[in-house]
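Two complexes come next, and they have one chain in common, chain A, joined by chain B in the first and chain C in the second.
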Partner chain A sequence: MASLVVDPSTPSAAGRVLDSPWLSFTLRRGARFLVSMWVLVTAAFLMMHLVPGDPVRAALGIDAPADLVASRREALGLNDPLLTQYVDYLRNLLSGDLGISMGSGEPVGTMVVERLGSTVQLALLAFVVAGAIAVPLGVAMAVATRAGRRRGVELVFATSSMLAAAIPEFLLAVGLVYVFAVNLAWFPVAGAATLSSFVLPVLALAVGPTAILARIARVEMLAVLQDDYIRTARAKRLPARRIYLRHALPNALTATLTLGGLMLTTMVAGTVLVENIFAWPGLGSRIVQSITAKDYPVVQAIILIYGGLVLLVNLLVDITLALLDPRSTIREA
Partner chain B sequence: MRTRWLAVVRTPLGAAALLLMVSMVTLAVLAPVIWGDRAVQVDTDAIHHGPSAAHLLGTDGLGRDILARVLVATRTSLGLATLAVAIAVGLGTLIGTAPSVLPRRLGRLITGAVNIAVAFPALLLALFFAVVFGVGTQGAVLGIGLAGAPSFARLTQTLSASVDGLDFVAAARVAGVSRFRILRRHLLPNIAEPLVVNATVGAGAALLAFAGLSFLGIGVQAPSYDWGRLLGEGVNRIYSNPAGALGPAVAVMFAGLAFNLLGETTAAVVGGRARTRPASAPGFAAAAVEEATGGGHTDGSAALENDVILHTDDLHVSFPAAKEWVTPVRGVSLTIRAGEAVGIVGESGSGKSLTALAASRLIEEPGVINAARLDFCGIPLLTTPERETRRLLGRSLAMVFQDPMKSFNPTMRVGRQLAETAVEHQDLDRRSALARAIDRLHAVRVPAPARRARQYPHEFSGGMLQRAMIGMGLMNTPRLIVADEPTTALDVTVQRQVLRLLADVRAETDAAILLISHDIAVISQMCDRVLVMYAGRIVEDLPVAELRTARHPYTRALLDVVPGLDADRTSPLGVIPGRPPEPSQFPTGCAFADRCRFATAACREEDPLLRPSDSQVDGDHRVACWHPVDGDRLLAQQSFVPIEAMKAGEIGG
Partner chain C sequence: MRSKKSIASLIATTALALGACTSGGGAGAGDEGELVDGKTFTMALGLDPGAIDPAMTVLSSARFVGQFIYARLIEPDDDGEAMPALAEKWKVDAKTAVFTLREGITCEDGSELTATDVADNINFIADPGHRSPLLGLNVQPGTVAKADDASRTVTVTSGTPDSFLLLNLGGVPIACGNGLADRDLLAKGRAATGMFKLVEAVPNDHYTFERREDYTWGPGDWDPNQKGLPDKVVIRIIPNETTAANLLISGEVNAATIAGAERDRLDDMGLFNAAPLTPFGQFHFNQAAGRPTADEGVRRALVQAQDLGKLRKVLTGDRGSVPTSLVTMSPDPCDINTVKGNIPEYDVAAANAALDATGWTKGSDGIRAKGGKKLELTMIYLNTIGETMAATAELAQQEWKKIGVEVKLRGVDLTQLGETLFGTGDWDISAGQVSAGVPSKLVPFFGGPNPPDGTNFAHVDNPQYKELTTKAATKVGATGCEDWAAAEVELFKAVDVVTYADSGFPTYGKGARFEPSDVGVNPMSIRMYE
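On to the complex of A and B.
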């Protein structure tokens, strides 16, 4: 009989998952992601129609014969009522069809997908490099300069990180090209052929975010070190390592991660400039070519991908944050 | 405000910011006038030349001087950036304040839209809008302006939401002031300063974004040119003429830096930051340490009985303040024996918590502890290396802090937080440490301890967390439990549970207790002995049973303000008139003199020492006062609560 009695202190595994604030938080965040995605898709759809003048005429040039423009308009469905076009656009998107290029007539999907990989590679690598340097650096700086210690170190760190953060990635890229590719010829100036061709673009993308992230990590860590529970940990006479790494760091990371996610999204945008300087075969160099050539379906698709990446990063950051700091699931509700 | 500006401009950073900005603006005004012709002068004999005396940065594809073009482009680059940021701030403020004026539902829609837009990096938004408005200067200005608007809208929203909560805005609203008027008169003026700071930084960002778009060929179109466009042209020929790329790059960098520094400077002025600190440790420190390490120390500890758990002699705690060191604890001497419960009572700022933290070696730099002696279980804490005292303190000294909600790590499960001290100091493995943690939670009457151990602190109530905190102390075998205002943050019904638990723990484990409280009633229930602190000193030390005959006027005042059950509820609660002095302004002589009705001129000249009360025979009642009160004489006219009644009424229930 006793085995039939359910002990209220140990709920079944399924019950625990369903009750978990983390799950409902994740569901809410998922819903928000979908709404944002819908806004993004709608904006991308409207872009083609907000462009001044006839987009097809603009893409093909003023010399293009009228019947070619008319047939291209027909092929793109631009003569249908706006709502019909919108529904078609959504339906095509769901089946993975991103339309066809106005210039070459190729399907945009295949054109874009092969370039997505190199852009994501670049951004992720830069992000990993930035995080791997910035977080330990910021934490070490916080520990070294806490409560007004080592003013000199603090001054050097504050000044150099401010300067590094102020240099935009494309200027840094130009400087890197000048020093390491033109003068020293250590690294290739363009393309993504070899491993060494990653060095300069990744550096150009990572330096600024590293500086910003390290500053944030330091400030967050300093704030956490002031918290009462750190005093509790000290009262337990834990070794300094454990106090800093196990007690302080996870609490400092939550805010750092939020802003780190923001960094990753700006890095995604930063690839546009960096790719164009290093002739990187990614989405960034393609979107600029397409904007100049007024190939709007391609621009539309790439904007959509960039936007989707940004929203996805934000979603992942929020979910990770909820795992790290269980309180954030409540704060939101 | 003006003096603050002057002060900031005198700092190296502020001066540099101002200098850079002034020279940028001067260049923007004058350069087109001076070099305007030279910048457009085509020279077919000097196409794509490298740097020379005539052309310091070389020439471009039409033989035009690149340096002149970079200088002249200052006006376009700064002008377009300013225009774009003006659009961003204007539109952002409009969108940001709209929700406080518009109908609620529409306002929420706008807020939602801003929340979505702000997630996208500005450069992506700028690209999108630049395409929509058409490639070119106009499209880029609108694009960057619109791209910056969401973040300014968010900023305005956040700022106005915080201003909205202020009393005067609420008052204006209650008074029926219209929403537009509140917006114009109250919200906008109050958010203007941070908005200006962010607009300055935003102008820098707009400048860089513009340079980026033009560099990509999406911004300014030929024959117009700005730095971005010049940079793009230069980068194409970076191998043959690097100077042609570096020139505009340096220009963009200086301009960006100028705006950034100006933003920092403005923020410093608005925020009014300033930092100074004293040069060296307090003067008495060296002497005190010398005394501690030099003589008397080893001989002294031999003389102590071995049931003494904590002994401090002439304990000082100092902190660096603006110009000099302040010493909120000055010369505390106390002794706590095994199983004894000692209370320290005093108003906030009397130094009682700092005394407890110092005795537990928890004062962190830049704070400094000095004492003739600070011994715990016979070990001199100030002279023994920390790694040698760590295990002793970890095992034998337990702390209970004021606010249990803040004293637990929010990102760790409660069970783990208890267990780790056993892992550290008893070399238990994690599994058996956790089992002990659950056992300890059970011991401090946390229901369903196995389940609770898996939970996070925010899933606990305050009282339960405080019990868990006591349980944390019981993971090892504490000889002393320091409880610093353990019930202040809890509600009254829970307070009693926690106090009773502490009393039970003491009875069961024979641990001594040092209880810090501002509430003399709590102390008289819990403790054998009371130390009354005022302005960083012990002014009276007496057995709880003798509180009735307390002799220091301050102790008597503390007793007088405790309302009893039979207190007249129509008369106002008793207060001690005046305020305790700040640690930086401790007077010479008795610190209580200004609030004491027995004070004479002598009190203000020399500080009374803590001496055995002369009415006492056995000498366990000490008082620091020139005019100690005769307890029995005063009893008749004072209305303080009989201690026995308090004891019976509170802890028994």
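On to the complex of A and C.
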């Protein structure tokens, strides 16, 4: 009969999990995420409550009777001390209640659900387009210009990508509308009614990041192409396609995709401007209207969603990085 | 349709004064082709209407949407004369109005609109407990409406005499009985009595209306079978004015109100536009106790120091016109020039002399002082209606400094303007606008109680104005116009208010023609073209 011998120097399964750098990593990142969200929630609350202007007056009209304004403020709890309002806000938030829009009277949660999809769709599509164009372009440029070859191509690429990256989304969007919607009438000026409606807003969001990402992909690829193992592969006379796609590309992609992921956060933020120019029915266009109208619940909810999306993307990038390069996780632990 | 700038301006104007309708007509070439049936009229609106309940809002965007849904008892024509709408006839004096409804008026659900429903609409507003912002404007406190369904008559006894009782009561948007029983329906734009019914509402995105086939009670001899009426209306919420202009040029919308720089582009294209005239350049002076501007001499000097023609050019980009009255908007039943010759003329020497006479003497720094207190004033202006307002304020500030008055400028948004005027009272000069469609609606602002009990935000106490308006209020309609005009002249003579620029806020059209209303486009006037 076999007897179970426990070696005290060997950690148990539970102990192994507890000691795992992955657990520590996950807990650390989770805690950081939660603290960041709390800071975000608090900042959103304070920003809206400390700016001058009465949201009830804004909602009811400039000459609404004073007693009507007063009673509405009372009903909304706006006469309570700021701390009480803050605690109520946190309590409602934790129970999933984002409040009611002061302007339209609609539940903010419903509005967010209706509009979030449009914003995420726009940002993700722009991200996919940027990745799909930037990576092949960057790789192709690296291959074409490696070891100082084709200086002219390199100059054109460097200049054009720098210019594309430097144009603000707002200006680019206005220019795209003027040329392709107003003058050529190829695409709609605004709205999201048809598939063609996506083209201009997605381009406006994607052009800058595409240029930046293509430059990064090229630099990364050039660095990999100088590695010894690539030289060895060439010496073995492996086909060029195999060297570039099988051996070089995966190693060049790590940093590119990481930065690309972070770029998604800028695209999410960029939707605010782009949505307003294209009257896109997302959260970005709504937040501008709500700030003007001092519609606290809506602004707070949208800031929360935008901030949450950015934090979430950062978290996912961290996790992806850890998966791709576990040593960094362990080192940090 | 309406840009943020124009909305802000119109709210500043009409929310303060709640004018009924603006005047003005179509302009521009706009070769539109043939009238065509069955089309959809699409319009860009700068602000979401929010809750639409017509008795509970004065926001111009809500009133704009509401006018598609809720008909009124009468509609004013271009001359301010009443035309039949829901009411086919009426009998009115300054205290009582008897309206007889047309036969066969139906609600959007097919039920009949009764005289009782109409009376309930008015009584709801008249009840102070409901806190309707239309109380005191369209309906006077203490008003009682009684209905006789058999004869389809509504008898309204006004709480106080009202010269323009017909226009004021007749301008109340009327909702159907089911909406009165459940006001949530009204907030969502249901219980329609008007030309359209709301079939889809996506807040802050778009609102879709369908024309009611049974609607036959358009103003005057309006014909439901005439060519060119739209079958559908789509209001798209487009806050960005450039986007709205682009949508118009590309033909994706048929109408958009453009107040800013984009006007040049649209004018160059020769697009049709309807431009209601609204007041744009005004000065109001805080006359509350202790304020330097409570002194008529100081007010007069402040106005004499300004070249108002120059200010008008800067403010309106040389597109403005010289006002003729504080009542600029339709129905404007009086149309008498009260401004000419009654505003202090530009005379810097006289301004200096006036200030000297009031005891404000120049110090070594060039700023006047009295009793050790410097003549430092605060001017508030709307910073949301275009960059020209700030430029005009700065120009005025420079001119005032030349006569030794230090003016601090404070740009505010609409909400802050309201809070300052009706709340804190911390201002000396306001560039916010007040106007109305009938002179009686100015009385609360220049002769009524001060905030918080009323809307006389400048603390104007002008006995002549009160006397003349009281006298005018006993006369019915246009018969009191001379008295109303004389009362307004007293405001200018006492420098209680100065008006120096009117400006049009055009709604441009493409593929459609229309007449302006006080909040944009008159729904019954829309005609679609091929």
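In this section, the second predicted complex is superposed on the first by the 268 of 333 C-alpha atoms of A that agree within 3 Å, B and C clash if a C-alpha of one lies under 4 Å from a C-alpha of the other, contacts with A are read in each partner's own complex, and residues count from 1 in each chain.
Note that in this section contacts are C-beta pairs under 8 Å (C-beta built on N, C-alpha and C of every residue); 3 or more make two chains touch, one makes a residue touch a chain.
Everything numeric in this text was worked out from a predicted model, so none of it was measured.
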{"item": "Which of chain B and chain C A:D228 touches, first, second, both or neither", "value": "first"}
{"item": "Partner contacting more residues of chain A (chain B vs chain C)", "value": "B"}
{"item": "Chain B versus chain C as contact partner of A:H247, first or second or both or neither", "value": "first"}
{"item": "Partner chain in contact with A:R237 - chain B first, chain C second, else both or neither", "value": "first"}
{"item": "Which superposed partner A:E106 touches (first chain B, second chain C, both, neither)", "value": "second"}
{"item": "Partner chain(s) touched by A:G175 [first = chain B, second = chain C, both, neither]", "value": "first"}
{"item": "Chain B versus chain C as contact partner of A:P209, first or second or both or neither", "value": "neither"}
{"item": "First, second, both or neither for A:D54, with chain B first and chain C second", "value": "second"}
{"item": "Touched partner set for A:N276, first chain B, second chain C, both or neither", "value": "both"}
{"item": "Which superposed partner A:A166 touches (first chain B, second chain C, both, neither)", "value": "first"}
{"item": "Overlapping contact positions on chain A, where the chain C interface meets the chain B interface", "value": "52, 174, 177-178, 182, 276-277, 288, 292"}
{"item": "Chain C-touching residues of chain A, taken from the complex the two chains share", "value": "52-55, 57-68, 71, 101, 103-106, 111, 114, 174, 177-178, 181-182, 185, 188-191, 276-279, 281, 285-286, 288-289, 292-294"}
{"item": "Residues of chain B that touch chain A when the two form their complex", "value": "113, 116, 119-124, 127-128, 130-135, 204, 208, 211-212, 215-218, 231, 235, 238-239, 242, 245-246, 249, 252-253, 256-257, 260, 264, 277, 320, 360, 362, 364-366, 390-391, 393-394, 397, 399, 401, 403, 406-412, 420-421, 424-425, 448, 450-451, 456, 458, 469, 472"}
{"item": "Sites on chain A touched by chain B in the complex", "value": "8-10, 35-36, 39, 43, 47, 50-52, 147-149, 162-163, 166-168, 170-171, 174-175, 177-178, 182, 227-229, 231-239, 242, 246-247, 250-251, 254, 265-266, 268-270, 272-273, 276-277, 287-288, 291-292, 296, 299, 303, 306-307, 310-311, 314, 324-327, 330"}
{"item": "Residue ranges of chain C in contact with chain A within the complex", "value": "4, 11-12, 15-16, 18, 47-48, 50-51, 57-59, 131, 133, 135, 187, 202-205, 236-240, 242-243, 246-247, 249-250, 252, 413-419, 422, 451-452, 455"}
